[in-house]
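Both of the next two complexes hold subunit A, though its partner changes from subunit B to subunit C.
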Partner chain A sequence: MIRSISVFSLAAAVTVFALAPGLAHGYRRSQAAFTCAPYNSDDQWGSYAISNNALSGTKVYACGVDSDSQHHPNNVVSTQPIAIRGSAYMAEGIYAQACVSYSSIVGGACGGVTANLTVGSLTLFPSASAWTSASSSDIPHLIVALAGCRSNGTGSCLAWNLVRGYHVDYN
Partner chain B sequence: MTRYSAATFGVCFLTSALLFSASPSGAVVTWRNMSPFYCSISSRDQQWPPSPYDYAIGNLSPTTDMAVACSITSDQDLNHRSGSSGVHSRTTILGSANVNGVTNACACVSYSAAMGGSCGNQTSIYSASAYSAELDTSAGSGSWAYTSVNDFPYVYMVLKRCSPSAGCTSYNTLRGYKLYM
Partner chain C sequence: MATPKSSIIVPALAGVVAGIASSIIFSATAGKPPAVVAPAHAGSAAQSPTVYAPVFVSPPASAEHVEELRTRVRELEAHARATGNGPAPPQDPVAFEEQKLATIQRHEALVKAHREQPVDPAWGPATSTLVRQDLETLAGSSSFKVVEAECKTTSCAGTLEWPNFGAAASEWRKVLHAGFQANCSREVTLPDPADETAPYRATIVLDCDSWRAEGH
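Entry: the complex of A and B
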């Protein structure tokens, strides 16, 4: 009997891992960055991504994160629950932080700011501290800031900082 | 492992699979409708057309086209790769089109793990009335079948200018879009 229980437990464990894609990072929900809203300006696009197409100045986007009864800001996995995929031509070309708007009172809160240190295709993992200390009904979002493009020397852009989308991993 | 143990393991695996697949958290989500108010407009403000074209986004300009990209929420319940092995999800856009049309409509992904992305074949709609158009997700290198489940799906289209040019009364609009298995 004990052996049967052991075999059943082993089979159940194997089954869960076999049938749950992505279970290693919990429940994953993703959005293309086209859902992001630019602050006081128009959207700008790069290659399959949002961008900053100006030679100077930083462009700030706010990106909504869907939230429901099971997948909400204080139910994210403990390690790197937020992954923002993008590419940069310069170090600190992309800044990001995770925020909530409060559900029941005015205002909100944000976690620490993170920035890219490498160039090329990259992933930013902003702190989810504002999410994990939030209420399940608070409204999560991301703030992404893109530095201006690199000039080709004649007033046009030669390289851009881009964000393609973002993943959130829940328990 | 004895033959008996192997058989027991197999039976238990199947039993666990049935229990797991029937659990509430494993409930199948077969479609997802999305509002166009989430969509991104390239280098312009989002615009809302007047009645009877309202409850939608639209192009109010008689001279300038409007490029629109709309993210598709993707998760483990439903994503662009949902379905049986080798099968991918489908997507449809809904709205109204005038004589200038809704052009270049296609289903795309931005890659998660690399720069760039890909799109399926493009469709143009000149219905002069309401449209419901399924976008190609199966052809060529843009097929969703060849993308990763972690890629970011979206739909893209161009809402051409409103008509007639001297005082628009007919608009190209997007009222919604859906992802389904």
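Entry: the complex of A and C
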């Protein structure tokens, strides 16, 4: 009898534990606030890319990176975990950095700056060192700088540097 | 003596069924507001209108019982976290302060490791010159001045001074995102100041391990 009650209780406890909401599948996801950018402006997001449509002057963008207790970028693959897809009309038209900002204090960390050496469609692989040494409470993001567009000679743009998106590969 | 299999399977199945039923009941009631079953009067009817306050249906629990439940919940959460399926850590002020302290300590550990690193005469002084040049260039378009910039064997540190904390808080990102000739990882932390109007110093630490490994 005692054995039966013990088995019953154990099975009931295990089942409740496995199914109860809030215990089995709780997780936190952090998202940097600067992804709340204006929509449908080519400076921010147009033609399924961000591009610098100014004839002169580099523009800097901050791009949010999802992070939660299951997938924080401090646990990314060791080889080229970040891939930024874009297109450039000039060498060093796109710069990128992977950074974290601290959630509880002013400050942050960034990896070294990576720039494109080729033109046309390309992939940039910025260093993830600031991510891999981050704590799970740090907020990851990418910094992307786009040089100004090439003029067509009449005050308009002929070619752009642009970024379509980015992939992060987790372990 | 052999035990019949049914003596284990039957209660186990019953336990599973009971567990599922408990979970369903728990899910259905978890989000509901407490029931209001009786009005509570505040003062006499002549002095103030009747105030309806929520009264919980559940019988009052003893303090010991509540504490026992809290302990059990903590145990379950700890077990769930240990197995990778746990709930997120609580967002309470204590946890926030612990994160802040951990971030400051991590930065201080980086500074300490740099200070204790020996100087590689073939790399340190030359890289120090590059870092100082870049910081001075940044300082030219910022409100900080470069107090110190020194590289050792694989790391560098630059101490910068702003006229006040507000200036530091608005300009520290320029230092993180600058294109340094020594293209190293960089980190900076700005702890809360004792006096927000006083000159404020912060140390940026450059980890040049990878950059140096590339042959620089």
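Here is the rule we use: the second predicted complex is superposed on the first by the 124 of 171 C-alpha atoms of A that agree within 3 Å, B and C clash if a C-alpha of one lies under 4 Å from a C-alpha of the other, contacts with A are read in each partner's own complex, and residues count from 1 in each chain.
Operating definition for what follows: a contact is a pair of C-beta atoms (placed from the backbone, for glycine too) under 8 Å apart; a residue touches a chain by one contact, two chains touch by 3 or more.
Computed from a predicted structure; not experimentally measured.
Asker: Have a look at where A:Ser127 lands relative to subunit B and subunit C in the superposition and call it first, second, both or neither.
Answerer: It touches subunit C, and subunit B stays clear.
Asker: According to the stated criteria, A:Ser103 is in contact with first (subunit B), second (subunit C), both, or neither; which is it?
Answerer: After superposing on A, A:Ser103 lies in contact with subunit C but is clear of subunit B.
Asker: Is A:Asp66 touching anything from subunit B or subunit C once the two structures are fitted on A? First, second, both or neither.
Answerer: Touch status of A:Asp66: first partner only.
Asker: For A:Ser47, is the partner it touches subunit B (first), subunit C (second), both, or none of the two (neither)?
Answerer: Only subunit B is touched by A:Ser47; subunit C is not.
Asker: Touching A:Gly111, do we find subunit B (first), subunit C (second), both, or neither?
Answerer: In the superposition, A:Gly111 touches subunit C alone.
Asker: Overlap the subunit B and subunit C contact sets on subunit A and report the shared residues.
Answerer: 3-4, 7-8, 10-12, 14-16, 19-22, 27-28
Asker: If we count contacts the way the header does, which residues on subunit C are in touch with subunit A in the complex?
Answerer: Where subunit C meets subunit A, its residues are 3, 7-8, 10-16, 18-20, 22-23, 26-27, 30, 76-77, 80, 85-89, 96-97, 99-100, 102-104, 106-107, 168-169, 172-173, 176-177, 179-180, 183-192, 207, 210-211.
Asker: Please name which positions on subunit B make contact with subunit A in the complex.
Answerer: Residue positions touching the partner: 5, 8-10, 12-13, 15-17, 20-21, 25, 38-45, 67, 69-76, 79, 108-117, 149-150, 152-154.
Asker: Quick check: in the complex, which residue numbers of subunit A touch subunit B?
Answerer: That would be residues 3-4, 7-8, 10-12, 14-16, 19-22, 27-36, 42-45, 47-50, 53, 64, 66, 70-71, 85, 87, 120-121, 162, 164-165, 167 of subunit A.
Asker: Could you pull out which subunit A residues touch subunit C in their complex?
Answerer: Listed in rising order, the residues are 3-5, 7-28, 60, 69, 95, 97, 99, 102-113, 127, 129-130, 135, 137-138, 143.
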